[in-house]
Amino acid sequence: MAGIIDSYIPVAIILVVAIIMPFITMFIVNVLSPRSSGETKFDTYESGSDPTGEARIQFKVEYYLYAISFVIFDVAVLFMFPWSVVFVGYDIAALLTIELLIFITVLLFGFVYLWKKEGLQWEK
Amino acid sequence: MNIGDFAFLIPLLPALAFVITLFFGKRLYSGGALIPIGAIGASFIISLLITINILQNPDQVIHQSVHWFAIFNLGILIDPLAAVMLTMVSFVSLLIHIYAIGYMEHDPAKPRYFAETSLFTAAMLGVVLSDNILQMFIFWELVGLCSYLLIGFWYQKPSAAAAAKKAFLTTRVGDVMFLAGIIILFASLFQAFHGEVPEGVYLLQFSEMFNHIDALAAMNATILGMEVSHLTIIALLFFGGAIGKSGQFPLHVWLPDAMEGPTTVSALIHAATMVTAGVYLVARTFPMFLSAPDALIIVAYLGGFTALFAATMGLVMNDIKRVLAYSTVSQLGYMVLGLGMGAVVGLEAIGVSMFHLINHAFFKALLFLCAGSVIHAIGTQDMRQMGGLLKAMPITAGTMLVASLALAGFGIPGTSIGTSGFFSKDAIIETAFVFGEYSHDWIPYIFAILAALLTSIYIFRLFFMTFTGKSRNNAKAHEAPSIMTVPLLILAVFSLVFGALTLKPFIAFMERTFDNNVISLNIEHLATLGNYDLVLEHGPEPLFILWLPVIVAVAGLLISYLLYYKQVIDVSKVVSRENPVYKLLYNRYYQHKIFTELLATRIVYELISLSADYFDRKFIDTIVDGIGKITMSAGNFMRKIQTGVVQNYVAAVVAGVGLLIILFRLIVEVI
Amino acid sequence: MIGLEHYLILSAIIFSIGLYGLMTLNNGIRLMMCIELMLNAAIINLVAFSAYSHDITGQVFALFVIALAAAEAAIGLAIMLAIYRIRDDIELNEINILRW
Amino acid sequence: MEDILLLAPEIILAVTALVVLVAGLYLKTEHKVALGFISVAGIIMAIALTMSIMLAKTSASMFYDTMVIDPLSQVFKLVFLSVALLVSIASVKYVSEDRNTEEFFALLLLAIIGMMVVSSSNDLITLFLGFELAGLATYALVGFEKKNIKVLEASMKYFIIGAVSSAFLLFGMSYVYGMTGTTNIPGIAANAHLLVDNPIGIVAIVMLIAGFGYKMSLVPFHMWAPDTYQGAPSVISALLAGASKKMGFIAAFKVIIVALIALNAEWQTIFAVLAVITMTLGNVVALSQDSVKRMLAYSSVAQAGYISMAFVVLTPTALAGGILYILSHAFMKAGAFIAVAIVGFMILVGNKDARDTDHIDNFRGLSKRMPITAFALMVFLLALAGIPATAGFVSKFVLFSSTIEAGLVWLAVIAILNSAISLFYYARVIKYMYFMPTEGGRITEPAPYAIAMILALVAVLVIGIWPEPFIYWASEAANVLLI
């Protein structure tokens, strides 16, 4: 039991440091930084052109498309995990290989479709 | 080759004619009218030959059956009952089709008309020759569908479309009852077989149904604390179907409105097809009624009441076709009453009732065709604008007189002189007398005799208003072309002589319907199941009773003659002195209105007719409409639940799950 | 010791949070997040049952559900995006042309 | 390996879907009509194979007992494939000018594969996967016209309620798995006593009913259905009402009747309540609709109520009646929606920017403008109302009479009364088509639409006139459910 707890000591130290660190840095910044006050102080950018619009900008729509495509393929790979677990233990390697190839082929079709439909192009 | 092998052609030929006329009618003479006429003519000839065959040898009825699906079959059963019906339907329909060539001459939609009437006839023939009740129901619905299309034939008129819908939906109420009856019958029979039906036995065949009446009679259900035989439930549900189709109270409301179609369609509906289907259904399943306690008594009362009620309504109508419509309802009431008399006279009731059905078909078709001829000539249906047509249209007037005499039942008792209506209607009235004599229940008889008086009054009122007096219309009336008058004359001959020729043999023939090589039943035994005491031999009725219907008919004629021909009470003069302009413009019109309001209403109408009319319009219609309106507004309210906001839908799902869990919990507790 | 019932309670709470959100929130993306919460609650159930009954089926099921959830999110996002392109917002409570 | 061949219909459809998808990339928009033909060919092959497997009465289980082939599965596969055939034929016209044709057909085929997997599944995992595959594909199909806000709204509602319901379903399944320790359906049936008297068991069953009830559109889980059916493209509404809804029934048959038969006393009562509420609400609300598609949607809700009576009665005849009803309803409803699609096409020919093409006013005088469509639609509506010589009558008759036979007269009476009400709103459309004047001229139906509609018409009439083989196979399928 003691061994397990011992092995977690480094983690505990990192945790403590991580919690303390932000406060320390904030304190140092507070002490070191110069201060001035004035109207321009509250502008988004003290120098340069006046900001227009809101600070909360929206992502480009393409970003979502990218994200969706990524998630789909990412999750599909998940199915290779059980496959690889089974692969070692049983003597049906040939069949399993064929099965995975079919799976990947189907995924490939999806990929080709996405590509050809210009789903991977950032600028259209 | 036996003629019976061609039986399947009887409904098939008109059905084929429907298809051909629908697609090629436009290019043919008179909208392809000749095709349905040929087809129905052929059906008529086959039916007639079969009828003659069966007449000669009533033991050999025609029965053919093929497997359909599961434990159902398709089949043809032509026994005396069906044979007579088939002949009548095809014959009357044939004449009406011929007449329609002239009547529909100027209508652009002739092909559609002839196609639909042909299908209508085919469906009715199908109803008649079905050997099982499911197939009968299928044709029954087809009849309803065709009536919907035909009543709404002139759909440019909103009233026609509304009438079509009313007819369809009102009869559907009856149809639903009929279907429920079939389903209960099927389930009960299935139970009687303990779920194991041998190969080749089709439960819903009439013969099979009748063979298991004993088993059905043994089954009881508890409704509102009362033990009711399954048989009574089934029989009354079947009767519900008949009420809808045959326009019995309170589902008669569609019939008068059904006048919105062409007059030939009205003739077809009222005489040959459709309305007779209900009476036929009861006659066909008569053994079930006979063995169901109380069923026949209810039938008798409802029929009698309808006969009287509709006759009072007929008195106040001014539309010529509406008078005839109420007359049909009233006469159908007689037929149903006749069937109900089976409680005492047994199978004779079928003979009496069917005899009236056949005779009624002749003279009612004639009445409608005459009315059509009149309408064709002067272009209105309002009797207040008719009059004095006797000279212009002698043939129509003559045949109409014959039909009216037949409807009112003129004849000399004890001889074979008399119109067809005399023999058949008086037979029903006499049976009602027998019923009263043996069961000491005189109400049906009183209903019947009062209705006979009113019948005579309203039909001669119609005759005098239409054909006598001065013309109240500018249209130049002319006699119809011969294509229209020939059917009138043929029908007139039948209306005159058919009754005298055939009463006794007809009744004997009808009784063979349930005693032949396919269906053979022990009627006394069935009657004991239904707790009816049959009186199989009843002697000649007292002379007074034999004469009473005729006396009543003559009295009706006299009353009408005095009021509408002689105008012994001319109220118009009173009116004219006060308002000369009115006199000038609406002389006759006003006279009749005043007459109705001042005199007649005081005596008869206000007491009976108008209250009946009021009852009909306000109460029955309100109930029928009201149910519709309530459901509609319920629908309007409930649709608002659907807010269109998806979050609310989620809430509904959650609420549903919550309620179901509570319900489930309760069930677990209870069990 | 953490037992099966703790997982079940956790998953029930997460499921309920998801449901609550679905009924009260308006933004389409948030609704989809709530749906993901509900699916994940079910996944917790599956895995917990699987672990405590030493039966691998539940985890296989969970694996499939994860993939399905991703696909569902993809389609949902696509629909929300299409709505956004037309309406410039995805306040779902304002989309009620189809009703009654 | 032989077993795999029993799944040949699914494999063919999957390959067709991929081929269509990739082929679409290399075709110009005007040549994409070919994709429709490829899909139709694939579906016809699948139908032939499914039928041959069914007629051989093969029974097999495969993939470690997660999939089974039996009459039940094959009958339902044929229902799905027939609807898919109708929809894809009609869609040849519907998507003819769209540049995303390949997506449409691929999604359609995938949806059908999902439904077929459900009907073959013998395990909660495969069942859920198939359920979701069909669901996901149809979400996208409903939102196919992505520039049309109505379509998107329909899709959004369908998606949200669908996702919530699948969460419910999955949650219920997780409890069932936890209580019985297996996801195999016969295995659950063997261990179902563990669910009895267990509060979690109750929650699980209700959640399962909610999950399936959403696809079956039982009240109160039906709320999405009218909106979605109304908003979706008509051909897709045909798919939803004809096939997707039926998938809910087969899934419920498998999970509730087969797996949870031990609790039948409880869920029979629940289904009795749901059936009555569903048919009554559906019919009553349908009375006051002006949009024909919405009216059909409510009618479809009501029909789901009738079919649910099979759960309550639970005799072999009743289940056969329910399955027959499912089959008939698939054709009647799909046919009716395709007819509405034709009317929509007609209105759009007259006015490119017309909205609410399914409004009842657009059906005025249809018998003059498009007699074939008017006649077919009339037959479909009469069949839905249960007029004899149509499929609707036969299936209603079998279902209702089995209900009375089982002693549930009150339920049958409610159902019969309901079917009487239903005629009012069907008759209204017929009245508009046949008894209302119109100014519009005559228009010829596009061939693909007409072919699909006439196929459905023939099916409705054949089942109505010669129901013998259909009843036989429905009973064979029902026998699988009650061993």
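For reference, chains read A, B, C and D in written order, and residue numbers begin at 1 within each chain.
Convention: a residue touches a chain if its C-beta (ideal position, glycine included) is under 8 Å from a C-beta of that chain, and two chains touch if they have at least 3 such contacts.
The chain list, named the UniProt way, goes like this: A = NAD(P)H-quinone oxidoreductase subunit 3; C = NADH-quinone oxidoreductase subunit NuoK.
These numbers come from a predicted model, not from an experiment.
Visitor: Which chain's C-alpha centroid is most distant from that of chain A?
Guide: B
Visitor: When you average C-alpha coordinates per chain, which one falls nearest the overall C-alpha average? Tell me, please.
Guide: So the chain sitting closest to the middle is D.
Visitor: Cα centroid separation between chain A and chain C, in whole Å?
Guide: That gives a centre separation of 20 Å.
Visitor: From the mean C-alpha coordinate of chain B to that of chain C, what's the distance rounded to whole Å?
Guide: Between these chains, centre-to-centre, one finds 64 Å.
Visitor: Find the geometric centre of each of chain C and chain D from their Cα atoms only, then give the gap between the two centres in Å, rounded to an integer.
Guide: 26
Visitor: From the C-alpha centre of chain B to that of chain D, how far is it in Å?
Guide: Chain B and chain D have C-alpha centres separated by 42 Å.
Visitor: Hey, what residues on chain C touch two or more of the other chains?
Guide: 19, 22, 31, 60, 71, 78, 92, 95-99
Visitor: Could you say which residues in chain B touch two or more other chains, in rising order?
Guide: 639, 642, 644, 646, 650
Visitor: Should the pattern of chain-chain touching be classed as line, ring, star, complete or other?
Guide: Topology of touching chains reads as other, fitting no named class.
Visitor: Chain C touches which residues of chain D in the complex?
Guide: 124-125, 128-129, 132, 136, 139-140, 143, 146-147, 149-150, 152-157, 159-160, 163-164, 166-168, 170-171, 173-175, 177-178, 181-183, 226-227, 230-231
Visitor: List the residues on chain C that touch chain B in their complex, please.
Guide: 19, 22-26, 31, 92-93, 95-100
Visitor: In their shared complex, at which residues does chain D touch chain A?
Guide: Touching chain A from chain D are residues 18, 21-22, 25.
Visitor: Could you pull out which chain A residues touch chain D in their complex?
Guide: Within the complex, chain A contacts chain D at residues 106, 109, 112-113, 116-117.
Visitor: Which stretch or stretches of chain A touch chain C in the complex?
Guide: Its residues touching chain C are 61, 64, 68, 71-72, 74-76, 78-79, 81-82.
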